[in-house]
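The chains carry the letters A, B, C and D, assigned in the order they are written, with residues numbered from 1 in each.
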Amino acid sequence: MKKGVMRPGHVQIRVLDMDEALKHYTDLLGLIETDRDDHGRVYLKAWTEVDKFSVVLRPADEPGMDFMAFKVVDEASLQQLEKDLADHGVEVEQVPEGELKDCGRRVRFNAPSGHTFELYADKKYTGKWGITEVNPEAWPRGLDGMKAVRFDHCLLYGPELAATYDLFVNVLGFYLAEQVLDGDGTRIAQFLTLSTKAHDIAFIHHEEKGKFHHASFYLETWEDVLRAADLISMTDTSIDIGPTRHGLTHGKTIYFFDPSGNRNEVFCGGDYNYPDHKPVTWQAEQLGKAIFYHDRVLNERFLTVLT
Amino acid sequence: MKKGVMRPGHVQIRVLDMDEALKHYTDLLGLIETDRDDHGRVYLKAWTEVDKFSVVLRPADEPGMDFMAFKVVDEASLQQLEKDLADHGVEVEQVPEGELKDCGRRVRFNAPSGHTFELYADKKYTGKWGITEVNPEAWPRGLDGMKAVRFDHCLLYGPELAATYDLFVNVLGFYLAEQVLDGDGTRIAQFLTLSTKAHDIAFIHHEEKGKFHHASFYLETWEDVLRAADLISMTDTSIDIGPTRHGLTHGKTIYFFDPSGNRNEVFCGGDYNYPDHKPVTWQAEQLGKAIFYHDRVLNERFLTVLT
Amino acid sequence: MKKGVMRPGHVQIRVLDMDEALKHYTDLLGLIETDRDDHGRVYLKAWTEVDKFSVVLRPADEPGMDFMAFKVVDEASLQQLEKDLADHGVEVEQVPEGELKDCGRRVRFNAPSGHTFELYADKKYTGKWGITEVNPEAWPRGLDGMKAVRFDHCLLYGPELAATYDLFVNVLGFYLAEQVLDGDGTRIAQFLTLSTKAHDIAFIHHEEKGKFHHASFYLETWEDVLRAADLISMTDTSIDIGPTRHGLTHGKTIYFFDPSGNRNEVFCGGDYNYPDHKPVTWQAEQLGKAIFYHDRVLNERFLTVLT
Amino acid sequence: MKKGVMRPGHVQIRVLDMDEALKHYTDLLGLIETDRDDHGRVYLKAWTEVDKFSVVLRPADEPGMDFMAFKVVDEASLQQLEKDLADHGVEVEQVPEGELKDCGRRVRFNAPSGHTFELYADKKYTGKWGITEVNPEAWPRGLDGMKAVRFDHCLLYGPELAATYDLFVNVLGFYLAEQVLDGDGTRIAQFLTLSTKAHDIAFIHHEEKGKFHHASFYLETWEDVLRAADLISMTDTSIDIGPTRHGLTHGKTIYFFDPSGNRNEVFCGGDYNYPDHKPVTWQAEQLGKAIFYHDRVLNERFLTVLT
């Protein structure tokens, strides 16, 4: 957080049928609906998140990610980051306060990878869901489905990883936790973090710009990953792969699809990092093991990404 | 155990290279070597087993299962079973005491499925490995790899499931815990048990006789299944599928291969059964989900079986 | 099950306030109410049980256990057991079909320990709760609280352990899985089982007859024991001890009290047994570790038992 | 980490008998010995730590903590912190490079609570133990005992919590994650963190200065906490309390003592925090539940602290 960027704050995802999507994100993932707006968007959060929302579903004709936003520690930091982005030659768009309900002004920009990101400093503080602020219980009763703990990160596909790295590391204050290098030493995957998490955003090289691989939600335990897998089956939800472990980050994971075709991950565990840690390197010839530690090969579905 | 047949007692497996096989079954699975004999066979047991061995590895030119044996509660029951087998028209072969070291006489016969089975009442009682008989600790320190708890069951492929059912249920005292029925109501898979376990032996229909699918070992927890998966990857062992859950029995599982190509399973959990429980039925059109509850399709490798 | 006695079938527990008791056994333990009768009794079951009920709550002025019943495999076995009890000099009381709703006739008798037991062969088969008989899911959604898997066993205190052993082992077909011996070799605790379970009934020596220590319910995992502990705290339920492990059986456990003062246990794991296993012995001087493996001392509350 | 202070870097603990102590910290906790020095001190680390050591054992006549150190992101930050400490009126002692082997210069000072702390920017980078830097496996085989993941935090007792808070928050850049307030709103416990961890250092009010409650080590899972508890019993190690959960931080925990009487904790889980999270408050009248969430009372041993 050396530039004041704290964590992933929200992601806006396009869905084809809002009722089906809501059922998926609430009954199955266990997110909580917190609001709706005039654009037909629905706002959701996971129970441990203290701000009002972290997932925004937007009705649309094709699935994918509109943008992902990071919360900044305060307005002063946001102004400095705005200036630093401009100095770096990044064009910045102002999104006014209230465009997302109960969210302060957002600073929007495109990364060289072709994805849209936002920074913001203010969002309505609602506290954790279902437990009190004083003498809080360990967890709330009444959570549904997978009981997702928090929106954790996104994995995105696109070109220009080096320029994207430069932007995230040198302007926004992320640091490199893990990477995949090809035989020439070119970075073909980069896992970037703001704190001790294994990653807050990850990029894998792809020829086309702006591809969306998945939005990921944190669970507490490997047993929760099993329960998630069971629920995927019980609800006849389309599974990608898992339960399994990643080589990269060593997180324990399962991938599946929302009814619109957006890929979700729920996962637990994963390595911790500090800025003085040398980045972990995986060699491209070990990419299968790097992605799926147990199978050691990529399944075909993993390679599909959304526009 | 209504006819005195208690549990799976041992399985003899053919291996191509004994050193590699031993490394697999001890360092990776965590079995303990307990003896060797003049035929080059090596005897192994899992730590909770009270008898001297449960797995016998035999050097051979092709992999597969020689036979599987069940322990009978006493000599009187063994004699009655011998008589019942003969009355049922089953040809019985006498294997003398000591043919397997420290094992009493064995009664050997073939099932209509084409597999060889044995019954025996006596084997040297060595007690659990690594803990005392008085005031025993919860588990022994010094176990390797997956720390397999016990040899649990085998899954076999072959024809004549109805006749095999008749033999196991009506002569040997097993009962049917689970089954898969095709559209005509024909049983194409049968999971048979002697106690409250989900299965002590299972058969899936196959045109050819005497096929071996896997020998299975019990683990304590889903976290142990994860550790097993990690170890499979760390030791570059060939994986089949998992970690996942079965629909049939609902056990949590992973399949992999020994260096000779014999499939092993390690698993935990699974439903309990009593003789008054109605058998659980899966429909053949749900076979994918019945076998692999999360993926809901059979992987190709699952279908391969050994002679 | 060598005499046809299969498993614990039900326990009738006295409660002071039925509403409070029901809230405890359904919202907290996760049992399901299945019926009520004219005596004000309420019938409950755990979700994996195939018969209609396993716990009967009876409104009364003081807490404790009225009786515990075992299910027998069929009417023929019940008649034989009745005869064997009579031959053993045990007075038998006939409880007619329907005295407990949807339960067949029961054979009632007192053990030398001062407790009342019953045998029965028939109870309405309702199947597992919340899942289908064909292609069943792994578990039902909608379970409450601790999601108890089954009524598992009782621990009772009383005198005459040797005579009680004789009755249970030689007449009813139980076998001894574990025991505590004092310095003179006298058995001061006996854990008896019918199948591969660690115990179906247990007795600890006590000067007074007919004391009730606890009724125990099975959970799936150590994580479920943690959830149980959390729920005990969230509902301000009186805790005895745990989460911890027993030395005897090595099960992982937590003890707590219903609103009437009856002690409950929920636990998972525990050693498996077969009739050919030598009983596990704990020495009385290690009783602390035998009961509570981690603390290695008995807490005071453990020693309290109900009339 | 807003002032560049990253994490707990090491703790120096006094032990009465080095051989016994080493056996405890390596065989039981699973730390790895990395060096010794001329003062008879022994250096240890946990396997995921990238620097050479995190625990220093010093032979002494009475147990307790000599000092605890935090690693700073770089020398420039260290110099700024030194200046800020001086500006805050804190006397600073210079400990030269090499006083602890392979550790750079340390800046030492006393907190108002009576404890000694250090800051340093450099320590020999040895990487994680037992796994490679490129294509690393999920965990190393060959870890002993509890397989401690990292030295995580200390809990200290002393007076002057407000002044200590001022020092840690305003000078060193910690933020308050959790607190206990008495009826007057006075803070009697403060849990301070540098990143998203539940705490990097915690203080509880005590009349006497410089008391040591425990040094804490992170484990991966609740199942690891059970294994730790089992190992405590198997090695006849003195237990304090657990396995249980804390109310404060909601971590899952067990407390025990090294052979010299120093209290250790191993724990897993626990809430995550960000600087924009409101501190979690527990009321002093709920202190029992705040400390031990399941028992909801403090055990007597918890109250004992070392000089």
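Please note the rule applied: a contact is a pair of C-beta atoms (placed from the backbone, for glycine too) under 8 Å apart; a residue touches a chain by one contact, two chains touch by 3 or more.
Remember, predicted model here, so these are calculated numbers, not experimental data.
Comparing the chain pairs C-D and A-D, the larger number of C-beta pairs in contact belongs to A-D.
Chain centres were defined as the mean of their Cα atoms; on that basis the chain farthest from chain B turns out to be D.
In terms of their C-alpha centroids, the spacing between chain C and chain D amounts to 44 Å.
Averaged C-alpha coordinates give centres for chain B and chain D that are 48 Å from one another. Here the CA centre of chain A is 31 Å from the CA centre of chain D. Chain C has residues 138, 221-223, 230, 233, 245, 289, 293 in contact with two or more other chains.
The touch graph of these protein chains is complete, with an edge between every pair of chains.
If you check the complex, the residues on chain D that touch chain C are 222-223, 226, 229-230, 232-233, 239, 242-245, 252, 254, 289, 293-296. Considering their complex, residues 1-2, 6-7, 48, 50, 71, 73, 125, 127, 133-136, 138, 150, 195-197, 220-222, 245, 247, 250, 269, 271-272, 274-278, 280-283, 286, 289-290, 293 of chain B touch chain C. In the complex of the two chains, the chain D residues touching chain B come out as 137-139, 141, 221, 223, 230-231, 233-234.
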